[in-house]
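Listed next: structures, encoded as structure tokens.
Presented sequentially are two complexes of chain A, the first with chain B as partner and the second with chain C.
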Partner chain A sequence: MSRRFPWIRQSLVIWHKELRIEFRTRFAYSTLLMFAVTTLITISFSVGGFVPDSDITAALLWIILFFSAMAGLGRTFVQEEEKKTVTALKLAVAPEPVFLGKYFFNVTLLCSLTVLVVPLFLVLLNQSVPQWPPFLVTVILGVLGLAGASTIIAAIVAKAEAKSAMMTILAFPVLVPLLLAAINATRACLAGASGAAPASELYVLLFYNGAVLTASLLLFEYIWNE
Partner chain B sequence: MFWQSILGLWLSLVILASFLYMPATQGLGESGRIIVYHVPAAWVAVLAYLMAMVNALGYLRHKDLRFDRQAQVNAELGTVFCILATVTGAIWSRGAWGWYWNWDPRQTSIAVLLMIYAAYFVLRNAVEDPQRRASLAAVYSLLAFLTVPFLVFVVPRVYDSLHPDLINLESRTFAMDKKMLVVFLASLAGFTGLYGWLYNIRLRLENLLHRLESKREVS
Partner chain C sequence: MLTQIKVHNLSKAYGHRLLFRNLSLTIPNHSVFVLLGRNGAGKTTFLRILCGLVSASSGEIEITVDGKVLTPQEKRAQIGLVAPELELYEELSAVENLEFFAGVRGIPFSLTSVRELLDFVGLKGRGLDLVHTYSSGMKQRLKYAYALLHEPKILVLDEPTTNLDEDGVKLVEAIIARQRRRGIVVMATNDPREVAYGEQTLSLDTAKPGDLA
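Here is the complex of A and B:
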């Protein structure tokens, strides 16, 4: 299979390289984790003993995940520019496998963050989840979408000046449909067992993922070779 | 000067007609007159953004900075008309719904549209090299515009909007008084003309600035 689809093998190699670099420093992961935990503790602390409505907790969860992604994934391509490894990477593989490899890596990072943060969030805010399966699907699709849009925006940011501030500004408008759908789906899942599963929101999340990934693969070449 | 005078006269007549000739709308009363300004402004914003999109694709295909200047001018004009549509919409919303802003799905999507282009201009300012700026801006605008169908078509369908629809999809009819339709279409044509004129001036100015800059680099 890997002979017929060289992209898959190449992107897995890039993914592996990213993982190895990350394990040496653990810079991105610790930023991501510390950012999420700090926000979570601030929220839990300020909410105190008061149990917030599930309408509000759904929004809070996605605010935490969104800003953590912005803080942790913004450097995806910046490190290649700073360490001058861009040229070597350009010579080694086509643009698309680079994008896919970075995307897989960002998905890995965000998923490992979510596995820690979401249970902690539910525990600290004393929130029960009446509808588990749709909740898990929402979180997974939402995190995939966050990683996808962050990867392509991070590629743009790496070529611009004022890198640290640009990430959030550029990513937010692109991510609004995803966040709206994810917040509403989460709200429905947290609200109660009697409520219907948020099917239409899950479709929006699915199609958003497909659209962003396709567009990113088509457009990435123009950023990468700039 | 000839066409500009005609345009000025045309739009003045539209303004007069919108208050004197056109009847007040059913249900919405006097506040419905804003349709003559709000809808054409939104239409021009969509048109200009669409043209900016076409120009962005053109730039990515031909790598010619002329397309980038066109995209920039179209994005600027689109934003001006988008702000006009947002403000007129908010004023009308105050009259009809009691609130200037209540996050109706239509208001959400137009706010996000404005944010996309605000981010687009921030990105343009953050890149020095013209070629690189053009590519990054083109890619970003294409990527961001991709999310607009989600907002425009999905959000108002999933969440109920109070925004009036001119075209009734179920009965396939177009609900508008004859007199009103005449004024409305005249305003649509006038606004489109206004856009064409502004575009022409802005693009000529940008082209002159570009020539001035390239001359300075040579000497």
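Here is the complex of A and C:
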């Protein structure tokens, strides 16, 4: 298959390189984890023994995931520019596999964070999940959308001057539809029998992912090349 | 295989600052082309346009192999670049860097051939060390391994002997001689010793439209 679809093989090679560097530096994962854990502990202390309702819980979960993603995923392309490795990469491979490789890496990082943070969040905030299947689908689609939008915005930010401020400022309007749909779907899942199954929100998340990936693959070449 | 570079009316400006205008020239197979000029004259920009890293303001550079004009994708497979603004991954070893670039280029990776390449560029026994432990001269040697890994038809060198000791300079001479047999070397430098390698030179300080056509 990789012979017929060189993009897939090249993307996986880039994903593997990113993982190898991350295992050695632990920069992005440490940033993501530290941000998520400190926010989570602060929230759990501030609510004390009180069990917040599903509206507040759903919003808090996605706020933690959103800001963790902004803190950790923004450096994907910035470090290629700052360390001057971008020229070697541009000369060796087409733009699209670069985007996909970085996207796969961001998905891996964010999924590994979510696997730790979501159960911890539910335990610390004394939450039960009456509708597990749609809850898991919401989290997966939400995380994929966060990773996709963060990857393309990180590529734009890498070309900007004020990199640190740009990521969150640019990402917020792009991610608002995703965050609203994810919060609504999570709220419905946590509300249990009283909440309707979040089918329409799940469709929004699904189409958001499709739109972000398609637009990113079409636009990335213009961002990547000078 | 017959490789040729044709530059047609190439111009490049950044804003109102014109670097060069209407350059036209042909670089034949089995030759070394040297680009001269003061700092800021546009030598590196010319090389980056040749590599497809920067677009020209007008005009184009056409690379042909056996009469067939290469697409941007095919150009990637036929160009090797060594330049000060190109670095390799410091968190990886030399072997891991070359394994990565062989992987994305889709060329077979063999530890034996990579070790031979590293021996050739003077990094024998250092292939498994992380690049951040290398001296600047060793990093420059590794850039040559990166540029030669896929056996390109065109080798593009920007200040080729930067950071190299006397042995390194001899290595560059050997690489240029080998590459001349394989295809073309395009080099930007102001070092008289490096200028002497070239059969064809162009100074961007004095270039007039249509030079070397």
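The definition used in the following text is that the second predicted complex is superposed on the first by the 224 of 226 C-alpha atoms of A that agree within 3 Å, B and C clash if a C-alpha of one lies under 4 Å from a C-alpha of the other, contacts with A are read in each partner's own complex, and residues count from 1 in each chain.
We adopt the following convention: a contact is a pair of C-beta atoms (placed from the backbone, for glycine too) under 8 Å apart; a residue touches a chain by one contact, two chains touch by 3 or more.
Predicted, not measured: the structure shown is a model, and the values here were computed from it.
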Which superposed partner A:R20 touches (first chain B, second chain C, both, neither): second
Chain A residues contacted in one complex by chain B, in the other by chain C: 226
Chain B residues within the chain A interface of the complex: 60, 108, 112, 115-116, 119, 122-123, 126-128, 131-132, 135-136, 138-140, 142-144, 146-147, 150-151, 154-155, 158
Sites on chain A touched by chain B in the complex: 152-153, 156, 159-162, 166, 169-170, 172-174, 176-177, 180, 200-201, 204, 207-208, 211-212, 215-216, 219, 222-223, 226
Chain C partner contacts - residues on chain A that touch it in the complex: 6, 9-10, 13-14, 16-17, 20-21, 24-25, 83-85, 87-94, 97, 225-226
For the chain C and chain A complex, residues of the former touching the latter: 51, 53-55, 73, 76, 79, 81, 83, 85-92, 96, 100-101, 103-106, 146
